[in-house]
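Both of the next two complexes hold subunit A, though its partner changes from subunit B to subunit C.
Right, the complex of A and B next:
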């Protein structure tokens, strides 16, 4: 009688199959959707990616940052700097933005990790403010008023506007799929086990030999790199950057936090559900202007107070579904005992 | 002489930052809560003072008689009805709820008062100056603001260490469970701490509104200045917080003197340098 650890369950097999179908359908969007649809979907992908990365940071590693706009803006500015100052193709600048942001995140982490818990949150915000103020001092990139991407560089991506839209759309889709896949792989690795242990109890994780600080450090660097690549892509599609837009706390942190909280923290499905709800609300309530943000804040507070695991948390509690094969269960390799009595579930 | 002026201006503004910080420091000390909406509450107090001065036709300083108790009431209700439910071992709920609150206050103010900047007018007080020495003049208003800041810190210090309420605050901070066993109602004590915090916020908000234009989007920056003052001064020390505010004010004044674009940046850099070389702050009192 041998024992192994299984990840997949019946719901995750269905979930992954649906995901595969969904990705194929979305990849074909240029053939069934209009220009507006592509723009909207690209924005959805960006938010899924940002919220998933923030979820990894806050929901798993317990690093509640309200300063991830630092890396969105950094990515945007790296892309514009490479494109405008060095003439490098914006498409190549996206991976470069990830690498450089990871490098920048190392000293930043060493500094902000001196602050604990709540103070860490505000510390990250100050770092983002410093980045914004420094960006406003770079006069070759337009200083405080920002800069547009020169037409020559845009045309170099693809000759026609339609083809450019398609390429950028596919990159956006590819980026979110890659980021989700990497998060999935990370969570299935031994680091993922460490992260889940940290999520459930830092003290218990330490007692079991998890190097909590090192794991958190790693997650911070990885999310910085991912966030910067998403930021670079967002501003490539916008064709224009300015310090206030690129380092906006509302756009890149408030929305992202609300999405992750409403969808469900500490679960990979949460940010995806949250993003769908966010965009459905936005498309229907956009006319309300500032009241829309206000209501979003109220909903997030209510969710936090009444259902802190978010919508997906409720689904998991009631139905035990998982879309992605993440849950570790000990399985006996015997026909009669497909499900072991000592199933180690993943609940908080 | 120029530099004496610059530093003096920095010190006087620093008093305001210390007031931003004192309320933040107080509630962190008592219940380990960092209120991300703190800055937005300062701006809310400024708007409250605006409404009071306009409807009653009184001066901004006189409006404090109404604004301070009103803000304290808001603080008590907020803690009792919302924030008490978030306290516990988990860091996320209080952070996210106060973050949500910050967005709600900002957008609520935006919806009611629009994005136009406002100002409270204090008449002659705004232009009056006091001569300190040959060639060194300071505005009466910044000086008053500084004196009020020192008085507020001294009053908090007295409240904390010389009164029964302060004893309740300290007891709850040390061990909430034991404090409850001794007959304290933690929910009430926390709500009172938030009330005191927002009373200080009210004073800070009114002085902010007299000193410069304000609009609904200014809250986060005030939170950040207050937070920087707390960390520079060292956690848990009220006089340290005052010193932190002054250092931040002076750093900003020096930055602004060198290049107007560097005012806020210089403050942030001073904060980051202190965080790098002395993370416990200059005058720490408690370890967290």
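Right, the complex of A and C next:
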């Protein structure tokens, strides 16, 4: 007998079709949207990417880091350093930022992985603060007050401001699509099996042969690389970096955690839903000043009380939807329950 | 004499003031099926933790085919051949029943994922879960969760199978099916240690019975004889009628 296994379900086929349509529509945004729309959408993509990466880290691997701003800032500084000091095109500096961040993440992981639970969270935050303080010491990159990208380098990307906006927008979209696609492929692979097992029960995972520490280590390195590339792109669009902005725990970790938690941890769809909710709240409440942050807090508390697994977790529990084809489903054919001796008297 | 496939050598473990293992010795011969009974809190599950590597012993050694594995991490022990089921089922709740087994086969048995599919369905079939392969394991009832524990442990392709109360709550008919299944597993050469409160199921399928009480084995030998021994009657007052 042969066993046929498929990933897709009906909801995931619909989901992937909608995704494809969505990506095409968003790729055409320069033709239907204004400059402000492109800037807003780019920011949305950056947050989808950051939250998806944080979700991989915390939601799947159980590594609750509050120090991912270390890699956002690292990415930003690598891009500025290559561009200003070596004259390398900022666009090429983005993948370089990913590679270097992965290299930096290895010793950092060896350090913070010695800490468990809350201590790990605090440890990652401290590492990020150390990075921020170090960045402030680099006087050729503006020290504590930061630095702007020289006009010559910006013009080298594209001669007109409009074309530059388009290129940066498309890169932002491409980066989030690639990051999501890679996360999807990772989760479908052997490592994905291990990650989902760790997410559900670390004890059972380790007792079923999953090397939990090795898997976590790998995920930490991969997320660091992804986070740094997103960070590099964010600050390329801002044209200016400073230690406080690039290593901001508020912008790059607190909001990201809010997004991942209300969207639904441990689900690839969660951070996407969460980002949409976050930006809807921000755009509608931004005029209210401090009140906006209070509202974010209220929303977070309400979601945690009524849907602890986040909004997408609620959808999955109630409706069983999956947008992305992640679950291995056995295609049952002539197989019948009668062949199962223990099920015979089960009564269900 | 052959080297035992799994052995504990003077294992001690205490949680605060409570001694859960007091210089425990145990030897499981290859192909043997061993039962352990004992009152709640006697330290049975802790022994499984020590064997599978999730609980570090305070002193003593754990030996696998003569090799000292006391400090070996659980995942490595599993790939080497020690499969374990949990008394309180720990399914991978966000995954389907089938995927639960694929994890065990891919990592515990070290198989390539695609090569594992067939074996996984075979095991699900044996354990009576084939028709629930695509169900989310979180949605299973307690009985099915226990079956899944057994199925997942089998999918790791163990040489030593540690079963922690897999028969509790089964009907007589289901219990028979379980005993049959474990006989088939043994015929494949798997050695078994089985902790169980359902004594008649245990006695029907083991070679040797050990009684654990306050962290030490107080009786050992032929299952029927041990069950009738005065020590067991004393510990199990009222319960031994079950046998």
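For this structure, a couple of remarks:
Following the convention adopted for this analysis, the second predicted complex is superposed on the first by the 330 of 348 C-alpha atoms of A that agree within 3 Å, B and C clash if a C-alpha of one lies under 4 Å from a C-alpha of the other, contacts with A are read in each partner's own complex, and residues count from 1 in each chain.
Methods note: a contact is a pair of C-beta atoms (placed from the backbone, for glycine too) under 8 Å apart; a residue touches a chain by one contact, two chains touch by 3 or more.
The structure displayed is predicted, hence computed values, not measured ones.
Using the contact criterion defined above for the overlaid structures, shared-chain residue A:329 touches subunit C, although it does not reach subunit B. Within the superposed three-chain model, A:118 lies in touch with subunit B and out of touch with subunit C [touch as defined at top]. In the superposition on chain A, A:57 makes contact with neither subunit B nor subunit C. Legend: residue contacts after superposition of the two complexes on their common chain; A:194 is shown touching subunit C, with no touch to subunit B.
When the shared chain is aligned, no partner comes close enough to touch A:225: not subunit B, not subunit C.
In the superposition on chain A, A:265 contacts subunit B only, with no contact to subunit C.
Comparing the two interfaces of subunit A, the one with subunit B and the one with subunit C have no residue in common.
Across the complex, subunit C meets subunit A through its residues 52-54, 73-76, 78-79, 84, 86, 90-96, 98-99, 102-104, 106-110, 113, 117-118, 120-121, 125-131, 133-134, 136, 141, 143-144, 147, 152, 156, 171, 173-174, 177-178, 180-181. Subunit A makes touch with subunit C in their complex at residues 1-3, 5, 190, 193-194, 196-197, 199-201, 203-212, 266, 320, 327-330, 332, 335-337, 339-346, 348.
Against subunit A, the residues of subunit B that register as touching in their complex are 28, 32-34, 36, 82, 85-86, 90-97, 99-101, 103-104, 107-108, 110-111, 220, 223-224, 227-228, 231, 261, 264-265, 268-269, 271-272, 275-276, 279, 288.
Chain contact summary for the complex, subunit A toward subunit B: residues 58, 62, 64, 66, 111, 114-119, 121-123, 125-127, 129-130, 133-134, 136-137, 144, 249-250, 254, 257-258, 261, 265, 289-291, 293-294, 296-298, 300-301, 304-305, 308.
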